[in-house]
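Chain naming follows the written order as A, B, C and D, and within any one chain the residues start at number 1.
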Amino acid sequence: LPLVARRQISVFGAGVPTPRELELAEEVGRLLAEAGVTVVTGGLSGVMEAASRGAAEAGGTVLAILPGEDPHGANRYATVVAATGTGHARNLAVAASGDAGIAIGHGWGTLSEIGLARKIGRPVVVLVGPDIEGLHRAETAEQAVRLARLLSD
Amino acid sequence: LPLVARRQISVFGAGVPTPRELELAEEVGRLLAEAGVTVVTGGLSGVMEAASRGAAEAGGTVLAILPGEDPHGANRYATVVAATGTGHARNLAVAASGDAGIAIGHGWGTLSEIGLARKIGRPVVVLVGPDIEGLHRAETAEQAVRLARLLSD
Amino acid sequence: LPLVARRQISVFGAGVPTPRELELAEEVGRLLAEAGVTVVTGGLSGVMEAASRGAAEAGGTVLAILPGEDPHGANRYATVVAATGTGHARNLAVAASGDAGIAIGHGWGTLSEIGLARKIGRPVVVLVGPDIEGLHRAETAEQAVRLARLLSD
Amino acid sequence: LPLVARRQISVFGAGVPTPRELELAEEVGRLLAEAGVTVVTGGLSGVMEAASRGAAEAGGTVLAILPGEDPHGANRYATVVAATGTGHARNLAVAASGDAGIAIGHGWGTLSEIGLARKIGRPVVVLVGPDIEGLHRAETAEQAVRLARLLSD
(Lines give C-alpha, C1' and ligand atoms only; values in the text may rest on other atoms or scores of the structure.)
Protein backbone atom coordinates (compact mmCIF):
# COMPACT_ATOMS: atom_id res chain seq x y z
CA LEU A 1 0.00 0.00 0.00
CA PRO A 2 2.31 2.78 -1.10
CA LEU A 3 0.46 6.03 -0.57
CA VAL A 4 0.45 8.84 -3.04
CA ALA A 5 1.07 12.24 -1.48
CA ARG A 6 -2.05 14.34 -1.84
CA ARG A 7 -1.96 17.84 -3.18
CA GLN A 8 -2.10 20.48 -0.47
CA ILE A 9 -3.06 24.13 -1.01
CA SER A 10 -2.89 26.83 1.68
CA VAL A 11 -5.42 29.58 2.29
CA PHE A 12 -4.06 32.81 3.84
CA GLY A 13 -6.40 35.29 5.45
CA ALA A 14 -7.32 37.38 8.43
CA GLY A 15 -8.97 36.38 11.68
CA VAL A 16 -11.30 39.39 11.37
CA PRO A 17 -12.45 39.47 7.74
CA THR A 18 -15.26 41.11 5.82
CA PRO A 19 -18.47 39.17 4.99
CA ARG A 20 -17.36 39.02 1.34
CA GLU A 21 -14.01 37.52 2.33
CA LEU A 22 -15.73 34.89 4.48
CA GLU A 23 -17.99 33.91 1.60
CA LEU A 24 -15.04 33.62 -0.78
CA ALA A 25 -13.03 31.62 1.76
CA GLU A 26 -15.82 29.12 2.31
CA GLU A 27 -16.26 28.62 -1.43
CA VAL A 28 -12.51 28.23 -1.95
CA GLY A 29 -12.42 25.60 0.78
CA ARG A 30 -15.35 23.70 -0.73
CA LEU A 31 -13.89 23.76 -4.25
CA LEU A 32 -10.47 22.60 -3.06
CA ALA A 33 -12.03 19.70 -1.13
CA GLU A 34 -14.19 18.72 -4.11
CA ALA A 35 -10.99 18.58 -6.18
CA GLY A 36 -9.42 16.20 -3.66
CA VAL A 37 -6.98 18.81 -2.38
CA THR A 38 -6.08 19.00 1.33
CA VAL A 39 -6.76 22.51 2.65
CA VAL A 40 -4.09 24.08 4.89
CA THR A 41 -4.85 27.09 7.07
CA GLY A 42 -3.61 28.86 10.20
CA GLY A 43 -6.35 27.05 12.12
CA LEU A 44 -8.01 29.98 13.87
CA SER A 45 -11.12 32.10 13.11
CA GLY A 46 -12.26 34.28 10.21
CA VAL A 47 -10.98 33.34 6.76
CA MET A 48 -9.16 30.35 8.25
CA GLU A 49 -12.33 28.96 9.77
CA ALA A 50 -14.51 29.72 6.74
CA ALA A 51 -12.16 27.93 4.35
CA SER A 52 -11.97 25.02 6.78
CA ARG A 53 -15.75 24.82 7.09
CA GLY A 54 -16.19 24.84 3.33
CA ALA A 55 -13.70 22.03 2.95
CA ALA A 56 -14.85 19.94 5.91
CA GLU A 57 -18.51 20.14 4.93
CA ALA A 58 -17.54 18.86 1.48
CA GLY A 59 -15.85 15.89 3.16
CA GLY A 60 -12.30 17.16 2.66
CA THR A 61 -9.16 16.94 4.74
CA VAL A 62 -8.31 20.16 6.60
CA LEU A 63 -4.91 20.75 8.22
CA ALA A 64 -4.83 23.47 10.89
CA ILE A 65 -1.33 24.80 11.63
CA LEU A 66 -1.60 26.64 14.93
CA PRO A 67 0.64 29.26 16.56
CA GLY A 68 0.02 27.83 20.03
CA GLU A 69 0.95 24.62 21.83
CA ASP A 70 -2.59 23.28 22.29
CA PRO A 71 -3.91 21.10 19.45
CA HIS A 72 -7.41 21.65 20.79
CA GLY A 73 -7.10 25.36 20.01
CA ALA A 74 -8.04 24.88 16.35
CA ASN A 75 -11.41 25.81 14.91
CA ARG A 76 -13.91 22.96 14.86
CA TYR A 77 -13.53 22.24 11.14
CA ALA A 78 -9.91 21.10 11.30
CA THR A 79 -9.56 17.36 10.72
CA VAL A 80 -5.83 17.24 11.54
CA VAL A 81 -3.92 19.69 13.73
CA ALA A 82 -0.27 20.73 13.90
CA ALA A 83 0.31 22.79 17.05
CA THR A 84 3.65 24.42 16.30
CA GLY A 85 4.13 26.38 19.53
CA THR A 86 6.12 28.96 17.55
CA GLY A 87 3.68 31.89 17.43
CA HIS A 88 3.55 33.87 14.21
CA ALA A 89 6.49 31.83 12.91
CA ARG A 90 3.83 29.27 12.09
CA ASN A 91 3.01 31.51 9.12
CA LEU A 92 6.08 30.01 7.45
CA ALA A 93 4.68 26.51 8.02
CA VAL A 94 1.30 27.53 6.58
CA ALA A 95 3.06 28.97 3.53
CA ALA A 96 5.43 26.02 3.08
CA SER A 97 2.86 23.27 3.55
CA GLY A 98 0.87 24.24 0.47
CA ASP A 99 2.02 23.55 -3.09
CA ALA A 100 0.44 26.95 -3.73
CA GLY A 101 -1.30 29.63 -1.67
CA ILE A 102 -4.54 31.55 -2.06
CA ALA A 103 -4.68 34.92 -0.27
CA ILE A 104 -7.96 36.41 0.92
CA GLY A 105 -7.40 39.61 2.86
CA HIS A 106 -5.38 42.72 3.57
CA GLY A 107 -4.06 41.96 7.06
CA TRP A 108 -0.42 42.05 8.18
CA GLY A 109 -0.40 38.33 8.90
CA THR A 110 -1.66 37.62 5.40
CA LEU A 111 1.02 39.91 3.98
CA SER A 112 3.70 38.02 5.90
CA GLU A 113 2.37 34.71 4.58
CA ILE A 114 2.47 36.03 1.03
CA GLY A 115 6.05 37.23 1.54
CA LEU A 116 7.19 33.95 3.08
CA ALA A 117 5.43 31.84 0.43
CA ARG A 118 7.04 33.76 -2.42
CA LYS A 119 10.42 33.75 -0.66
CA ILE A 120 10.43 29.95 -0.79
CA GLY A 121 9.08 29.82 -4.33
CA ARG A 122 5.40 29.03 -3.78
CA PRO A 123 2.98 30.54 -6.32
CA VAL A 124 0.39 32.80 -4.68
CA VAL A 125 -3.04 33.64 -6.07
CA VAL A 126 -4.59 36.80 -4.62
CA LEU A 127 -8.38 36.80 -4.47
CA VAL A 128 -8.53 39.76 -2.09
CA GLY A 129 -5.32 41.49 -1.11
CA PRO A 130 -2.33 43.60 -2.06
CA ASP A 131 -1.50 44.30 -5.68
CA ILE A 132 2.18 43.40 -5.85
CA GLU A 133 4.22 42.27 -8.84
CA GLY A 134 4.92 38.56 -8.75
CA LEU A 135 1.49 37.53 -7.47
CA HIS A 136 -1.34 36.04 -9.55
CA ARG A 137 -4.79 37.56 -9.35
CA ALA A 138 -8.21 35.92 -9.53
CA GLU A 139 -11.68 37.44 -9.58
CA THR A 140 -13.73 34.50 -8.34
CA ALA A 141 -13.22 31.60 -5.94
CA GLU A 142 -13.50 29.20 -8.87
CA GLN A 143 -10.79 31.06 -10.81
CA ALA A 144 -8.53 31.15 -7.77
CA VAL A 145 -8.82 27.42 -7.15
CA ARG A 146 -8.35 26.54 -10.82
CA LEU A 147 -5.26 28.76 -11.04
CA ALA A 148 -3.74 27.54 -7.77
CA ARG A 149 -4.21 23.90 -8.81
CA LEU A 150 -2.64 24.62 -12.20
CA LEU A 151 0.31 26.46 -10.66
CA SER A 152 1.02 23.70 -8.16
CA ASP A 153 1.20 20.90 -10.71
CA LEU B 1 -21.62 19.02 10.53
CA PRO B 2 -19.67 20.05 13.62
CA LEU B 3 -16.56 17.91 13.67
CA VAL B 4 -15.23 16.33 16.79
CA ALA B 5 -11.50 16.83 17.24
CA ARG B 6 -9.80 13.48 16.94
CA ARG B 7 -7.24 12.30 19.45
CA GLN B 8 -3.67 12.72 18.27
CA ILE B 9 -0.65 10.91 19.73
CA SER B 10 2.96 11.58 18.77
CA VAL B 11 5.68 9.01 18.25
CA PHE B 12 9.25 10.19 18.94
CA GLY B 13 12.19 8.23 17.59
CA ALA B 14 15.41 8.18 15.67
CA GLY B 15 16.01 8.22 11.94
CA VAL B 16 18.53 5.38 12.32
CA PRO B 17 16.95 2.90 14.74
CA THR B 18 17.56 -0.73 15.66
CA PRO B 19 15.44 -3.51 14.08
CA ARG B 20 13.68 -3.97 17.42
CA GLU B 21 12.78 -0.27 17.54
CA LEU B 22 11.40 -0.41 14.00
CA GLU B 23 9.21 -3.36 14.87
CA LEU B 24 7.88 -1.64 17.97
CA ALA B 25 7.25 1.59 16.05
CA GLU B 26 5.27 -0.17 13.35
CA GLU B 27 3.13 -1.97 15.93
CA VAL B 28 2.55 1.26 17.88
CA GLY B 29 1.44 2.98 14.68
CA ARG B 30 -0.94 0.16 13.80
CA LEU B 31 -2.49 0.01 17.27
CA LEU B 32 -2.98 3.79 17.41
CA ALA B 33 -4.69 3.77 14.00
CA GLU B 34 -6.92 0.86 15.00
CA ALA B 35 -7.98 2.89 18.04
CA GLY B 36 -8.94 5.81 15.78
CA VAL B 37 -6.04 7.96 16.91
CA THR B 38 -4.19 10.20 14.45
CA VAL B 39 -0.47 9.42 14.51
CA VAL B 40 1.95 12.37 14.57
CA THR B 41 5.63 11.95 13.70
CA GLY B 42 8.62 13.96 12.49
CA GLY B 43 7.88 12.67 8.99
CA LEU B 44 11.28 11.28 8.04
CA SER B 45 12.83 7.77 8.09
CA GLY B 46 13.44 5.14 10.77
CA VAL B 47 11.05 5.08 13.70
CA MET B 48 9.06 7.93 12.14
CA GLU B 49 8.50 5.98 8.92
CA ALA B 50 7.80 2.66 10.65
CA ALA B 51 5.14 4.17 12.91
CA SER B 52 3.63 5.93 9.89
CA ARG B 53 3.58 2.71 7.83
CA GLY B 54 1.91 0.80 10.64
CA ALA B 55 -0.78 3.44 10.94
CA ALA B 56 -1.30 4.04 7.21
CA GLU B 57 -1.57 0.34 6.43
CA ALA B 58 -4.27 0.09 9.09
CA GLY B 59 -6.16 2.89 7.33
CA GLY B 60 -5.24 5.58 9.84
CA THR B 61 -4.49 9.26 9.51
CA VAL B 62 -0.78 10.11 9.71
CA LEU B 63 0.50 13.66 10.19
CA ALA B 64 4.14 14.26 9.21
CA ILE B 65 5.66 17.40 10.74
CA LEU B 66 8.79 18.10 8.74
CA PRO B 67 11.85 20.24 9.52
CA GLY B 68 12.17 21.37 5.90
CA GLU B 69 10.12 23.59 3.60
CA ASP B 70 9.13 20.90 1.09
CA PRO B 71 5.89 19.03 1.88
CA HIS B 72 6.99 16.32 -0.55
CA GLY B 73 9.95 15.52 1.70
CA ALA B 74 7.87 13.32 4.00
CA ASN B 75 8.04 9.53 3.99
CA ARG B 76 5.46 7.86 1.75
CA TYR B 77 3.11 6.87 4.58
CA ALA B 78 2.19 10.38 5.63
CA THR B 79 -1.40 11.23 4.74
CA VAL B 80 -1.13 14.92 5.73
CA VAL B 81 2.06 16.99 5.83
CA ALA B 82 3.06 20.11 7.78
CA ALA B 83 6.32 21.46 6.37
CA THR B 84 7.43 23.81 9.14
CA GLY B 85 10.64 25.15 7.57
CA THR B 86 12.05 25.58 11.09
CA GLY B 87 14.60 22.76 11.28
CA HIS B 88 14.90 20.93 14.58
CA ALA B 89 12.50 23.46 16.11
CA ARG B 90 9.86 21.27 14.52
CA ASN B 91 10.50 18.90 17.42
CA LEU B 92 8.41 21.27 19.53
CA ALA B 93 5.55 20.96 17.03
CA VAL B 94 5.81 17.16 17.06
CA ALA B 95 5.71 17.21 20.86
CA ALA B 96 2.87 19.74 21.10
CA SER B 97 0.63 18.20 18.46
CA GLY B 98 0.10 14.98 20.40
CA ASP B 99 -2.11 14.70 23.46
CA ALA B 100 0.63 12.35 24.62
CA GLY B 101 3.95 11.08 23.28
CA ILE B 102 5.48 7.63 22.90
CA ALA B 103 9.30 7.55 22.77
CA ILE B 104 11.16 4.78 20.96
CA GLY B 105 14.90 5.40 20.96
CA HIS B 106 17.99 6.85 22.56
CA GLY B 107 18.89 9.60 20.07
CA TRP B 108 19.48 13.27 20.87
CA GLY B 109 16.49 14.34 18.79
CA THR B 110 14.27 11.95 20.72
CA LEU B 111 15.67 13.30 24.00
CA SER B 112 14.86 16.85 22.91
CA GLU B 113 11.30 15.82 22.02
CA ILE B 114 10.87 14.20 25.43
CA GLY B 115 12.17 17.36 27.13
CA LEU B 116 9.96 19.68 25.09
CA ALA B 117 6.87 17.48 25.55
CA ARG B 118 7.30 17.36 29.34
CA LYS B 119 8.09 21.09 29.45
CA ILE B 120 4.62 21.82 28.04
CA GLY B 121 2.92 19.20 30.19
CA ARG B 122 2.47 16.32 27.78
CA PRO B 123 2.66 12.82 29.30
CA VAL B 124 5.41 10.72 27.73
CA VAL B 125 5.53 6.92 27.62
CA VAL B 126 9.01 5.47 27.03
CA LEU B 127 9.06 2.15 25.21
CA VAL B 128 12.77 2.36 24.43
CA GLY B 129 14.79 5.27 25.80
CA PRO B 130 16.23 7.09 28.76
CA ASP B 131 15.22 6.24 32.30
CA ILE B 132 14.35 9.64 33.74
CA GLU B 133 11.98 10.47 36.60
CA GLY B 134 8.71 11.92 35.34
CA LEU B 135 8.36 9.59 32.35
CA HIS B 136 6.08 6.54 32.12
CA ARG B 137 7.54 3.22 31.02
CA ALA B 138 6.00 0.44 28.95
CA GLU B 139 7.35 -2.98 28.02
CA THR B 140 5.26 -3.69 24.93
CA ALA B 141 3.74 -1.69 22.09
CA GLU B 142 0.29 -2.61 23.32
CA GLN B 143 1.07 -1.40 26.84
CA ALA B 144 2.54 1.86 25.48
CA VAL B 145 -0.51 2.60 23.36
CA ARG B 146 -2.95 1.72 26.13
CA LEU B 147 -1.07 3.92 28.59
CA ALA B 148 -0.67 6.87 26.18
CA ARG B 149 -4.39 6.77 25.35
CA LEU B 150 -5.28 6.65 29.03
CA LEU B 151 -2.95 9.54 29.87
CA SER B 152 -4.29 11.74 27.10
CA ASP B 153 -7.93 11.45 28.08
CA LEU C 1 25.34 47.39 38.54
CA PRO C 2 21.79 47.26 37.27
CA LEU C 3 21.95 47.51 33.50
CA VAL C 4 19.62 49.62 31.45
CA ALA C 5 18.23 47.86 28.40
CA ARG C 6 19.58 49.56 25.30
CA ARG C 7 17.34 50.59 22.47
CA GLN C 8 17.38 48.13 19.55
CA ILE C 9 16.22 48.91 16.00
CA SER C 10 15.99 46.38 13.19
CA VAL C 11 16.97 46.91 9.57
CA PHE C 12 15.07 44.80 7.00
CA GLY C 13 16.46 44.38 3.51
CA ALA C 14 17.46 42.08 0.70
CA GLY C 15 20.58 39.97 0.30
CA VAL C 16 20.89 41.21 -3.30
CA PRO C 17 20.22 44.97 -3.18
CA THR C 18 20.86 47.89 -5.50
CA PRO C 19 23.91 50.16 -4.96
CA ARG C 20 21.59 52.90 -3.70
CA GLU C 21 20.07 50.54 -1.12
CA LEU C 22 23.53 49.52 0.09
CA GLU C 23 24.53 53.14 0.55
CA LEU C 24 21.36 53.92 2.49
CA ALA C 25 21.77 50.80 4.65
CA GLU C 26 25.33 51.69 5.59
CA GLU C 27 24.31 55.22 6.52
CA VAL C 28 21.34 53.97 8.54
CA GLY C 29 23.64 51.59 10.43
CA ARG C 30 26.15 54.33 11.15
CA LEU C 31 23.51 56.80 12.36
CA LEU C 32 21.87 54.21 14.62
CA ALA C 33 25.22 53.31 16.18
CA GLU C 34 26.10 56.96 16.70
CA ALA C 35 22.80 57.37 18.55
CA GLY C 36 23.72 54.47 20.85
CA VAL C 37 21.15 52.12 19.34
CA THR C 38 21.92 48.42 18.87
CA VAL C 39 21.40 47.44 15.21
CA VAL C 40 19.53 44.17 14.54
CA THR C 41 19.68 42.47 11.13
CA GLY C 42 19.21 39.08 9.52
CA GLY C 43 22.99 38.68 9.62
CA LEU C 44 23.69 37.80 5.99
CA SER C 45 24.82 39.82 2.94
CA GLY C 46 23.50 42.86 1.05
CA VAL C 47 21.48 45.36 3.07
CA MET C 48 22.05 43.30 6.22
CA GLU C 49 25.82 43.46 5.83
CA ALA C 50 25.90 47.13 4.79
CA ALA C 51 23.86 48.23 7.81
CA SER C 52 26.07 46.08 10.04
CA ARG C 53 29.25 47.54 8.56
CA GLY C 54 28.02 51.08 9.05
CA ALA C 55 27.19 50.38 12.67
CA ALA C 56 30.30 48.34 13.51
CA GLU C 57 32.65 50.90 11.96
CA ALA C 58 31.02 53.54 14.14
CA GLY C 59 31.77 51.37 17.17
CA GLY C 60 28.20 50.16 17.63
CA THR C 61 26.72 46.87 18.77
CA VAL C 62 25.35 44.71 15.93
CA LEU C 63 23.12 41.70 16.54
CA ALA C 64 22.93 39.20 13.65
CA ILE C 65 19.90 36.89 13.82
CA LEU C 66 20.66 34.03 11.46
CA PRO C 67 18.38 31.48 9.81
CA GLY C 68 20.97 28.71 10.16
CA GLU C 69 22.48 26.79 13.07
CA ASP C 70 26.06 28.07 12.69
CA PRO C 71 26.90 31.27 14.60
CA HIS C 72 29.96 31.66 12.38
CA GLY C 73 27.68 32.08 9.35
CA ALA C 74 27.07 35.78 10.05
CA ASN C 75 28.70 38.57 8.08
CA ARG C 76 31.95 39.87 9.59
CA TYR C 77 30.42 43.03 11.07
CA ALA C 78 28.17 41.26 13.56
CA THR C 79 29.36 41.73 17.13
CA VAL C 80 26.84 39.30 18.65
CA VAL C 81 25.14 36.39 16.88
CA ALA C 82 21.87 34.53 17.47
CA ALA C 83 21.80 31.41 15.30
CA THR C 84 18.14 30.48 15.40
CA GLY C 85 18.23 27.32 13.28
CA THR C 86 14.66 28.08 12.19
CA GLY C 87 15.17 29.21 8.59
CA HIS C 88 13.01 32.06 7.36
CA ALA C 89 11.09 31.94 10.65
CA ARG C 90 14.01 33.98 11.96
CA ASN C 91 12.36 36.91 10.16
CA LEU C 92 9.94 37.02 13.10
CA ALA C 93 12.89 37.29 15.50
CA VAL C 94 14.45 40.08 13.44
CA ALA C 95 11.13 41.94 13.47
CA ALA C 96 10.43 41.36 17.17
CA SER C 97 13.92 42.20 18.45
CA GLY C 98 13.71 45.81 17.30
CA ASP C 99 11.65 48.47 19.04
CA ALA C 100 11.04 49.66 15.47
CA GLY C 101 12.05 48.51 11.98
CA ILE C 102 13.54 50.30 8.98
CA ALA C 103 12.87 48.64 5.60
CA ILE C 104 15.25 49.06 2.67
CA GLY C 105 14.15 46.97 -0.29
CA HIS C 106 11.45 45.29 -2.33
CA GLY C 107 12.24 41.61 -1.73
CA TRP C 108 9.82 38.95 -0.48
CA GLY C 109 11.82 38.43 2.70
CA THR C 110 11.66 42.14 3.44
CA LEU C 111 7.91 42.10 2.79
CA SER C 112 7.48 39.22 5.25
CA GLU C 113 9.49 41.12 7.88
CA ILE C 114 7.31 44.19 7.39
CA GLY C 115 4.16 42.06 7.76
CA LEU C 116 5.44 40.27 10.86
CA ALA C 117 6.67 43.50 12.47
CA ARG C 118 3.32 45.23 11.97
CA LYS C 119 1.42 42.11 13.08
CA ILE C 120 3.09 42.37 16.49
CA GLY C 121 2.72 46.13 16.67
CA ARG C 122 6.18 47.35 15.73
CA PRO C 123 6.31 50.67 13.83
CA VAL C 124 7.98 50.31 10.43
CA VAL C 125 9.70 53.10 8.49
CA VAL C 126 10.08 52.41 4.76
CA LEU C 127 13.12 54.02 3.14
CA VAL C 128 12.90 51.88 0.01
CA GLY C 129 10.00 49.46 -0.36
CA PRO C 130 6.30 48.86 -0.81
CA ASP C 131 3.79 51.66 -0.41
CA ILE C 132 1.25 50.17 1.97
CA GLU C 133 -1.09 51.94 4.39
CA GLY C 134 0.11 51.66 7.96
CA LEU C 135 3.79 52.14 7.20
CA HIS C 136 5.81 55.31 7.72
CA ARG C 137 7.91 56.68 4.87
CA ALA C 138 11.25 58.46 4.91
CA GLU C 139 13.26 60.03 2.10
CA THR C 140 16.73 59.98 3.64
CA ALA C 141 18.68 57.73 6.00
CA GLU C 142 18.76 60.53 8.54
CA GLN C 143 15.00 60.96 8.37
CA ALA C 144 14.44 57.21 8.69
CA VAL C 145 16.64 56.93 11.78
CA ARG C 146 15.12 59.99 13.43
CA LEU C 147 11.60 58.69 12.78
CA ALA C 148 12.36 55.14 13.92
CA ARG C 149 13.94 56.41 17.14
CA LEU C 150 10.96 58.67 17.78
CA LEU C 151 8.46 55.89 17.13
CA SER C 152 10.24 53.45 19.42
CA ASP C 153 10.34 55.73 22.43
CA LEU D 1 37.93 47.35 10.59
CA PRO D 2 37.28 43.68 9.97
CA LEU D 3 35.81 42.27 13.14
CA VAL D 4 36.80 38.94 14.57
CA ALA D 5 33.86 36.83 15.62
CA ARG D 6 33.94 36.45 19.38
CA ARG D 7 33.58 33.10 21.01
CA GLN D 8 30.05 32.47 22.35
CA ILE D 9 29.15 29.85 24.96
CA SER D 10 25.61 29.03 26.07
CA VAL D 11 24.44 28.33 29.60
CA PHE D 12 21.41 26.04 29.93
CA GLY D 13 19.43 25.97 33.15
CA ALA D 14 16.12 26.22 34.92
CA GLY D 15 14.06 29.26 35.82
CA VAL D 16 13.55 27.82 39.32
CA PRO D 17 16.95 26.49 40.43
CA THR D 18 18.53 25.53 43.76
CA PRO D 19 20.81 27.99 45.61
CA ARG D 20 23.82 25.85 44.65
CA GLU D 21 22.86 26.05 40.97
CA LEU D 22 22.50 29.83 41.16
CA GLU D 23 25.93 30.15 42.72
CA LEU D 24 27.50 27.94 40.05
CA ALA D 25 25.69 29.83 37.26
CA GLU D 26 26.93 33.20 38.49
CA GLU D 27 30.50 31.93 38.72
CA VAL D 28 30.28 30.36 35.24
CA GLY D 29 29.02 33.66 33.83
CA ARG D 30 31.79 35.61 35.49
CA LEU D 31 34.54 33.26 34.33
CA LEU D 32 33.25 33.24 30.75
CA ALA D 33 33.16 37.04 30.66
CA GLU D 34 36.65 37.28 32.13
CA ALA D 35 37.84 35.01 29.33
CA GLY D 36 36.30 37.36 26.75
CA VAL D 37 33.52 34.93 25.84
CA THR D 38 30.02 36.20 25.07
CA VAL D 39 27.48 34.46 27.33
CA VAL D 40 24.25 33.19 25.72
CA THR D 41 21.20 32.29 27.80
CA GLY D 42 17.45 31.93 27.51
CA GLY D 43 17.14 35.43 28.98
CA LEU D 44 14.71 34.76 31.82
CA SER D 45 15.13 34.11 35.57
CA GLY D 46 16.97 31.56 37.69
CA VAL D 47 20.13 30.05 36.20
CA MET D 48 19.72 32.26 33.13
CA GLU D 49 19.70 35.43 35.21
CA ALA D 50 22.49 34.34 37.54
CA ALA D 51 24.83 33.51 34.66
CA SER D 52 23.93 36.81 33.02
CA ARG D 53 24.58 38.74 36.22
CA GLY D 54 27.95 37.11 36.71
CA ALA D 55 28.97 37.98 33.17
CA ALA D 56 27.52 41.51 33.10
CA GLU D 57 29.11 42.45 36.43
CA ALA D 58 32.46 41.34 35.02
CA GLY D 59 31.89 43.67 32.07
CA GLY D 60 31.02 40.93 29.59
CA THR D 61 28.60 40.76 26.70
CA VAL D 62 25.38 38.84 27.46
CA LEU D 63 22.97 37.70 24.75
CA ALA D 64 19.42 36.89 25.94
CA ILE D 65 17.44 34.73 23.51
CA LEU D 66 13.83 35.05 24.58
CA PRO D 67 10.78 32.88 23.84
CA GLY D 68 8.50 35.91 23.61
CA GLU D 69 8.11 38.82 21.20
CA ASP D 70 9.06 41.58 23.65
CA PRO D 71 12.78 42.44 23.79
CA HIS D 72 12.14 44.20 27.10
CA GLY D 73 11.13 40.85 28.63
CA ALA D 74 14.74 39.84 29.32
CA ASN D 75 16.35 39.91 32.75
CA ARG D 76 18.20 43.14 33.56
CA TYR D 77 21.67 41.74 32.96
CA ALA D 78 21.23 41.10 29.23
CA THR D 79 23.28 43.50 27.13
CA VAL D 80 21.78 42.37 23.79
CA VAL D 81 18.38 40.75 23.26
CA ALA D 82 16.99 38.46 20.56
CA ALA D 83 13.22 38.17 20.99
CA THR D 84 12.43 35.12 18.88
CA GLY D 85 8.66 34.99 19.31
CA THR D 86 8.84 31.21 18.87
CA GLY D 87 8.22 29.98 22.41
CA HIS D 88 10.21 26.98 23.57
CA ALA D 89 11.59 26.64 20.04
CA ARG D 90 14.01 29.34 21.16
CA ASN D 91 15.79 26.54 23.01
CA LEU D 92 17.22 25.54 19.62
CA ALA D 93 18.55 29.08 19.15
CA VAL D 94 20.10 29.07 22.63
CA ALA D 95 21.78 25.73 21.85
CA ALA D 96 22.92 26.73 18.36
CA SER D 97 24.26 30.17 19.26
CA GLY D 98 26.97 28.79 21.54
CA ASP D 99 30.12 27.10 20.30
CA ALA D 100 29.55 24.88 23.33
CA GLY D 101 26.97 24.60 26.10
CA ILE D 102 27.21 24.34 29.88
CA ALA D 103 24.20 22.73 31.60
CA ILE D 104 23.24 23.58 35.17
CA GLY D 105 20.03 21.86 36.17
CA HIS D 106 17.62 18.96 35.91
CA GLY D 107 14.62 20.66 34.30
CA TRP D 108 12.81 19.55 31.14
CA GLY D 109 13.79 22.72 29.30
CA THR D 110 17.43 22.12 30.14
CA LEU D 111 17.09 18.52 28.94
CA SER D 112 15.64 19.73 25.63
CA GLU D 113 18.51 22.19 25.21
CA ILE D 114 21.04 19.42 25.85
CA GLY D 115 19.29 17.19 23.29
CA LEU D 116 19.10 19.95 20.67
CA ALA D 117 22.72 21.03 21.24
CA ARG D 118 24.03 17.49 20.83
CA LYS D 119 21.75 16.89 17.83
CA ILE D 120 23.51 19.70 15.98
CA GLY D 121 26.95 18.68 17.18
CA ARG D 122 27.61 21.12 20.00
CA PRO D 123 29.71 19.79 22.90
CA VAL D 124 27.86 19.98 26.22
CA VAL D 125 29.47 20.15 29.67
CA VAL D 126 27.18 19.14 32.53
CA LEU D 127 27.87 20.84 35.84
CA VAL D 128 24.54 19.83 37.35
CA GLY D 129 22.23 17.61 35.35
CA PRO D 130 21.48 14.24 33.80
CA ASP D 131 24.17 11.59 33.49
CA ILE D 132 23.89 10.59 29.84
CA GLU D 133 26.58 9.11 27.59
CA GLY D 134 27.94 11.67 25.16
CA LEU D 135 28.02 14.57 27.63
CA HIS D 136 31.11 15.90 29.43
CA ARG D 137 31.04 16.35 33.20
CA ALA D 138 32.64 18.99 35.38
CA GLU D 139 32.76 19.31 39.16
CA THR D 140 33.43 23.04 39.49
CA ALA D 141 32.49 26.20 37.59
CA GLU D 142 36.14 26.71 36.73
CA GLN D 143 36.43 23.19 35.32
CA ALA D 144 33.23 23.61 33.30
CA VAL D 145 34.38 26.87 31.74
CA ARG D 146 37.86 25.55 30.98
CA LEU D 147 36.40 22.41 29.36
CA ALA D 148 33.75 24.29 27.37
CA ARG D 149 36.35 26.73 26.04
CA LEU D 150 38.66 23.87 25.09
CA LEU D 151 35.85 21.95 23.35
CA SER D 152 34.73 24.98 21.35
CA ASP D 153 38.13 25.79 19.90
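Heads up, the rule we're going with is that contacts are C-beta pairs under 8 Å (C-beta built on N, C-alpha and C of every residue); 3 or more make two chains touch, one makes a residue touch a chain.
It should be emphasised that the depicted structure is a prediction, and the values quoted were computed from it without experimental measurement.
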Smallest count of steps, each to a touching chain, taking subunit A to subunit D: 1
Between A-C and B-C, the pair with more C-beta contacts: A-C
Copies subunit A and subunit B - rotation angle from C-alpha fit, nearest 5 degrees: 180
Far-end chain from subunit C, centres as C-alpha averages: B
Separation of mean Cα positions, subunit B and subunit A [Å, integer]: 25
Separation of subunit A from subunit C, taking each centre as the mean of its C-alpha atoms, in whole Å: 30
Intercentroid distance (Cα basis), subunit C paired with subunit B, Å: 39
Subunit A residues counted as touching two or more neighbouring chains: 69, 84-89, 92, 120
Touching residues on subunit B, where the partner in the complex is subunit D: 86-89, 91-92, 107-116, 118-120, 130, 132, 134
Subunit B residues within the subunit C interface of the complex: 69, 84-89
Touching residues on subunit C, where the partner in the complex is subunit D: 1-3, 5-6, 8, 38, 40, 56-57, 61, 63, 65, 69-72, 74, 76-86, 89-90, 92-93, 95-99, 120
